Each structure stands twice: as structure tokens, then as C-alpha cells.
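The structures considered in this document are given below.
First chain A sits with chain B, and in the next complex the same chain sits with chain C.
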Partner chain A sequence: MMYIVFIMSVLYVVGFIGFSSKPSPVYGGMSLVVSGGLGCGIIMGSGGSFLGLVVFLVYLGGMMVVFGYTIAMATEEYPETWGSNVVVLGAFLVGLLMEVFMIMWLFSGEHELVGFYFGGLEDLMVLGEEGFEYVREDYSGGASLYSYGFWFLAMAGWMLFVSIFIAIEVTRKRY
Partner chain B sequence: MNPLALSLILTTLLAGTLITMMSSHWLTAWMGLEMNMLTMIPILMKTTNPRSTEAATKYFMTQAMASMMLMMALTINLMYSGQWSITKMTNPVASNMALMALMTKLGSAPFHFWVPEVTQGVELTPGMILLTWQKLAPLSLLYQMATYTNTNLIYLSGLLSILIGGWGGLNQTQLRKILAYSSISHMGWMLIILPFNPTLTLLNLTIYIMLTLSIFMILTNTFTTSMSSLTLMWNKTPAMTIMLMTTLLSLGGLPPLSGFMPKWLMIHELTKNNSIIMPLTMAIMALLNMYFYMRLIYYSSLTILPSTNNMKMTWRFTNTKHTMTLPTLITLSNMLLPLTPMISMLE
Partner chain C sequence: MPYIYINIILAFVISLIGTLIYRSHLISSLLCLEGMILSLFTLNALLSLNINFTLSTIVPLILLVFAACEAAVGLALLIIISNTYGLDYVQNLNLLQC
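Up next, the complex of A and B:
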């Protein structure tokens, strides 16, 4: 199971490289969707099935849809893709090369592997450490946001509201 | 700006800093820093020219990058220690990365490049908020977590800040850039004393905020933003010209004014800890700051440049700007030195 999470993490970074090399937002949006799906897979593979589905629903199903529609309204006639411009292709290949080097370094020496332990029992006991716990952490985390973490929720809602205000204030007509 | 929107944005700016200063959990501290950053953007973009839009964009980019680094430091700390407390970041990777992120937020070298450009691109009032209020939240976090960081990094950054703040301000004629480099230099002084005696960091912050607020308010009242407008200030408000002189001397750290108090106590504390070369270098480099403040004083108060005769007899219109807190601030920023024994109040 940890192999699957590891491969998904690598592909997640490759997806990030895909839009960081700055093609047109049409292709960047596609890369974001791929990365978002893989990120959801990482969360689910590490035991948080509820929060992974929340990522799919809210991030991909809400925000990326709106992003996709706005790009479709503002797109140009010949959008720049990874193969059309040598700068974008070069940036993508450099990022890919860096990722390959990092994986080679990760498996090279005798140092401790940070964050990944191949050979654990993650398939059978999904909560990470040895002992079987009676409380699912992701469900109870989501629930405690509404009970103990009420002020976190209030602040998060307040900041979403203020962010809309700021976005409208910044994009008002400026003469 | 619409008064309702402005009040919402200023409330959230205050709330962000207060949340960071009151928190013991790293996530709420990070949340307060993000609130600060986001609500600073429309304040910086209050005027409608492309220059302030560019300044707001630069501010957003650097602060977002610093927030990202801080988040990575927090998660590394969580991975190695399993807890979110601010005062116990024992992993060196996490604490040094968080240190660098907070130094970027403060604008100390070598992460200082955004400060002069952002301060110059905006009006005087947003620049004032940028250089005074936005220092409170990152410094309150640094005050709590600095014991576990690599102190060599703090000394290096502080010394570099004093050098760059001194040398960078020498060639400037625009007052906002001069005040930005002065801010970088004062951040350097505040950082160096942090491992030795954090109370003096808070003292320096308090006195620096009072001084910077006084100077910005004097400049806002007389509509001066460059050195050439400074030369005409003697005719409009002679009293404020003299006050600008004394406040600038205080900012440079000249006794018997209150700006001398933090510098004196810091050099005292450093020499008590057997470090001689560093306070010597700091004191000498503070003279660079003093040189360009003296240049401002020379052109505003000590000389009257040649001008036509009718410019020497301008009609005095009534001042439409508020000067409500200015007399108090000027008095505090010039005459606080005899109250030095009261710093035990800050402990």
C-alpha cells in the first residue's frame, strides 16, 4: 500500500511541474485536476477516506469546475502547450529531471526514509501505527471542527467572506 | 474606498495580528499571518495607478512564499515532534526554515528586497501600516521560537540587515525608500539582541514604531514624499520642520533622545556577554543611517535653499489633515530617555 501512496506522491509532484512550467491555463487546469485527484488518492491511501472524498467534492467538483468555466470564457485562439514553446518544454523537463534525481537520492544511502516506510501493515490496519483504534481520525476531525473547533470554523468562514470582498475590491474598475 | 469595505478590511487586519499574537498553536498563528497578508492587499492598492498594483503584487508574492515556507516548517515539526506548540520547535530543519520565513515577512536581509519597492509604490499611509503594524505579528512569533533556532543565522541576518539598511539608504532621495531602508536596519538591531535578551527586542520595536509613526504622520501632514518637497516645508509649517529634525535624530539613535535608549541597552547587553566586535560593527554601521538622516535634516531645517521671493511668503491655509495623535507621538519619540528604568515593565 505504501508503494501506491509513494507512486501517487511522485505523480502528484509531476502534475505540479506540469502547471508550474506555465503553459496556457487550459492545460494548467488539466494538470491541476490530475494533481488534485492524485492528492485525494494519497489522503485515502493514508487512511483518511472521508477527507479524500471531501477533496474530490469541494476542490475538484467545486473550485476546479468554476476555474475551468472562467478559463473557457477567457481563453485565446492558440493556447500555449508543453510542446509548442521550447521554454515551457525545457522547464517541464528540468523539473522532471529534478524529481528523478530526488527519487534516486531517496533510495541511495543508508539514511532514514522521511515519511515512507515500505513494509508496514497499512493494507490491513489502515490507521498507520500498530494498535487498532476505535476512533476514525478523519471523521472525528471533521466533526470536532463543528464542536470544539467552532472558532476555527468561524474564522475560516469570516476569511472566505473577506476574501471575496478583497477580490472584488482589487478587480474594481481603476481609472 | 467604501467606508463599510474599509472598516471590514481594517477589522480583519487587526484581527489577524491579534490572533497571531495570542495563539499558542502554530496553525492559528499561521492563520493570523495569512489574514494579515490578504487584507493588506486592498490597503496597498487604495490608489488606482499601476505602480501600487505592482507593489501589492510584489508584497503578495513574497509574503505568500514566506507563508508556504512557514507551513512546510510547521508540518516538518509536526512530523518529528508530534505537537504544534510554538515554543518547542526542537527539530533544526523546522526551526531554521520557520526563522527564514519569518525573516522574509519582516523584511530583513537577505530577504529584504521587497521592502523598498513596496514602500515606494504605495501612498504614505499604507506604507506606514506596512512598516509598523505588519512587524508585530512575525516578531511575536520570533520572540517565542528563537531559542531553538541556530543563532548564527540570526546574527548573520541581523548584521547584514544593518549593513544593507545603512548602505542602501545612502543613495536615495525618495523619503519612503529612506524609511524602508531605515526599517530594514532597525529589524537588524532587533534580530541581533533576540538570543541575548528578548525584552530589548520588544523595547526596540516599541520605540521604533513610535518614531516611524511620528515621521510618517509629519510627512503625511505636509504632503512631502521626496527630498525636494522637504526643502519647502520650512515655509508651510516651521514647527513641524523642527519636530522632524528632532525625530530623525532620535531615529538615528542620538542621545539624549529616546532613540538612544534601545541602542545603548543593546550594546550594554552585548558587551556583558563578551561580544565586542559585533556591537562595534553595529554601532559604526548605524552611523551610515545617521548620515542620510542628517542629510534630510540639513535640507529641511538647517538650510533654506535659493528660491524666488514669492515662495518665501506663502499664504497659510488651514490644515485639513488630522494631527490628533501627533503631538503625543512626537513627545514620546523625543523625550523618553529619562524613563529608561521603566523597561522592567516589559519583562
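Up next, the complex of A and C:
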């Protein structure tokens, strides 16, 4: 169970190989959703529960849903999966083999694994006056977007607003 | 811990190769672009959390905002192509014949 974050990162790479070998975009989208979930798990292994939630809500729930609808609109009658085309299957197997060789190379050698700490600190413990307090790093970092990073917030909000108009005008062919 | 970083950077390189190699659909290259953004977000978030520099947690959030804008514009272009040619096959994009 110590290695759970490492196993999740290996499955993350396998998911990336799954949509990089270019099957039909329906299956590519599904593989990206699986990789997104595993990425959330990796981030949470280092104590970032806010950023993991951002991955699920904003990335998977916002951007991937739009991609899913667009793929459903522009897809073909018989989508090809990983097993139906030898090119896709070959690319997937080459990527998988590359990952397996890399893991075998990482875990060989004379060094011990004792020095590598696969876990992470959940919180940042602060010694206060009466005892210990906890500081959630990612929550306070996200909150500092509104105080120290106000200009980031203003620019990002303005850019989102303008990009809606850009998308509308581009779709109407008024570029 | 560095093993996890190696895997995430490898995922970025794999989806970069996937973006640059076209097969039949254009939207699968856009999907690989989204994969690049996801791996960059994961890497940024892990680095911010592991060096305990709280203020740099803003960077993955802002990266996600810009990625959403980029995905919107890319999908709008895909919609135009799909409206003109019926499907988003790359072989249909042959106006520039050189």
C-alpha cells in the first residue's frame, strides 16, 4: 500500500498511451477520463484534496463533458477500438512495453528503496500557542487567488469572458 | 517521489507525440492536447504541494482556466470544419495543396 501512488502514476501513463494511440475519439475520451481520475488520486496522495476536486469538477466535469458532446456529434458509424485496428493495437503495445521496461529499469540497480519516500505529508502542522494547528496548503493557495493573486483572477476572468465571444464569432465564420 | 515525476513527464511526452501524429480524426489530436494540459496540471500541483510553497498553488488553477479557453477555441474550429465537410477527417483539409 506504500506504492499506491506509484501504481496510480503507472496506470496514469497507461491511460495516456491508450488515447495517444488514437483509437476512435469515443474511446480516447473514456481513457482521458480514467487518466483524469487517476491524476486526482496522485494529487490527493500528496495531500491536495482541493486540487483533486478541481480536476474532477472543472476538468472532467466541464471540459471533458463538452468534448464528449462534440465527439458524439462528429463521430462515425463503426468506431474503431484498440483491438480492431492493428495500427492502434501496435502503438498501444509499444507504449505499454516501453513503460514496463522503464519500470524495470527504475527498480533495478544497487540502490535501496528505503531512501525513497512514496508517501506525503497530509497537512502542514503549525505549532501555535495552545497546541498544534493545521494549515491546508492547497485550500489556502486557492484562497490566495482572491487576495495576493487578484490580478491573475481579473485577467483569467476577462479572458474567459472574451473567449466566449471569440468562440461565437469563430463559429459564425466572422474571423 | 521522483519516480512519480518521471511518470508524469513521460505522460506529457506521450501525449505530445500523440498531438503531432495525425490519424483519421482531428478531434483525437485535440484530445491529446487536453492530455498534455492534464499532465501539466498534475505536475504543477504535485510540485506546489511537495515543496510546500503555498502561493504557487495558484499556477495550476490559472493553467486550467487558460486550457479551458484553448479547448473552447479548438472545438469552435472543429465545429466549422465539421459543418463544412460533414466529418472532421484530416484528409478533407486539402485546400492548401503543396
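Note that the second predicted complex is superposed on the first by the 132 of 175 C-alpha atoms of A that agree within 3 Å, B and C clash if a C-alpha of one lies under 4 Å from a C-alpha of the other, contacts with A are read in each partner's own complex, and residues count from 1 in each chain.
The working rule: contacts are C-beta pairs under 8 Å (C-beta built on N, C-alpha and C of every residue); 3 or more make two chains touch, one makes a residue touch a chain.
Given the structure is predicted, the values throughout are model-derived calculations rather than measurements.
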Which of chain B and chain C A:F92 touches, first, second, both or neither: neither
First (chain B), second (chain C), both or neither touched by A:S163: both
Which superposed partner A:I71 touches (first chain B, second chain C, both, neither): second
Most chain A residues touched (candidates chain B, chain C): C
Touching partner for A:F56 - first (chain B), second (chain C), both, neither: neither
Overlapping contact positions on chain A, where the chain C interface meets the chain B interface: 152, 159, 163, 166, 170
Touch list for chain A against partner chain B, complex: 114-115, 152, 155, 158-159, 162-163, 165-166, 169-170, 174-175
Chain C - residues contacting chain A, complex: 1-4, 6-8, 10-11, 14-15, 17-18, 21, 23, 25, 27-28, 30-32, 34-35, 38-39, 41-42, 45-46, 48-50, 52, 54-58, 60-62, 64-69, 71-73, 75-80, 82, 87-88
Chain A residues touching chain C - in the complex, by the definition given at the top: 5-6, 9-10, 12-13, 16-17, 19-25, 28-29, 32, 35-36, 39, 42-43, 46-48, 51, 54-55, 58-59, 62-64, 66-67, 70-71, 73-74, 76, 87, 95, 99, 102, 106, 116-118, 120-121, 124, 135, 137-138, 140-142, 144-145, 148-149, 152, 156, 159-160, 163-164, 166-167, 170-171, 173
Partner chain A, residues of chain B touching it in the complex: 1, 5, 8-9, 12, 19, 28, 31, 34-35, 38-39, 41-42, 45, 48, 53, 56, 79
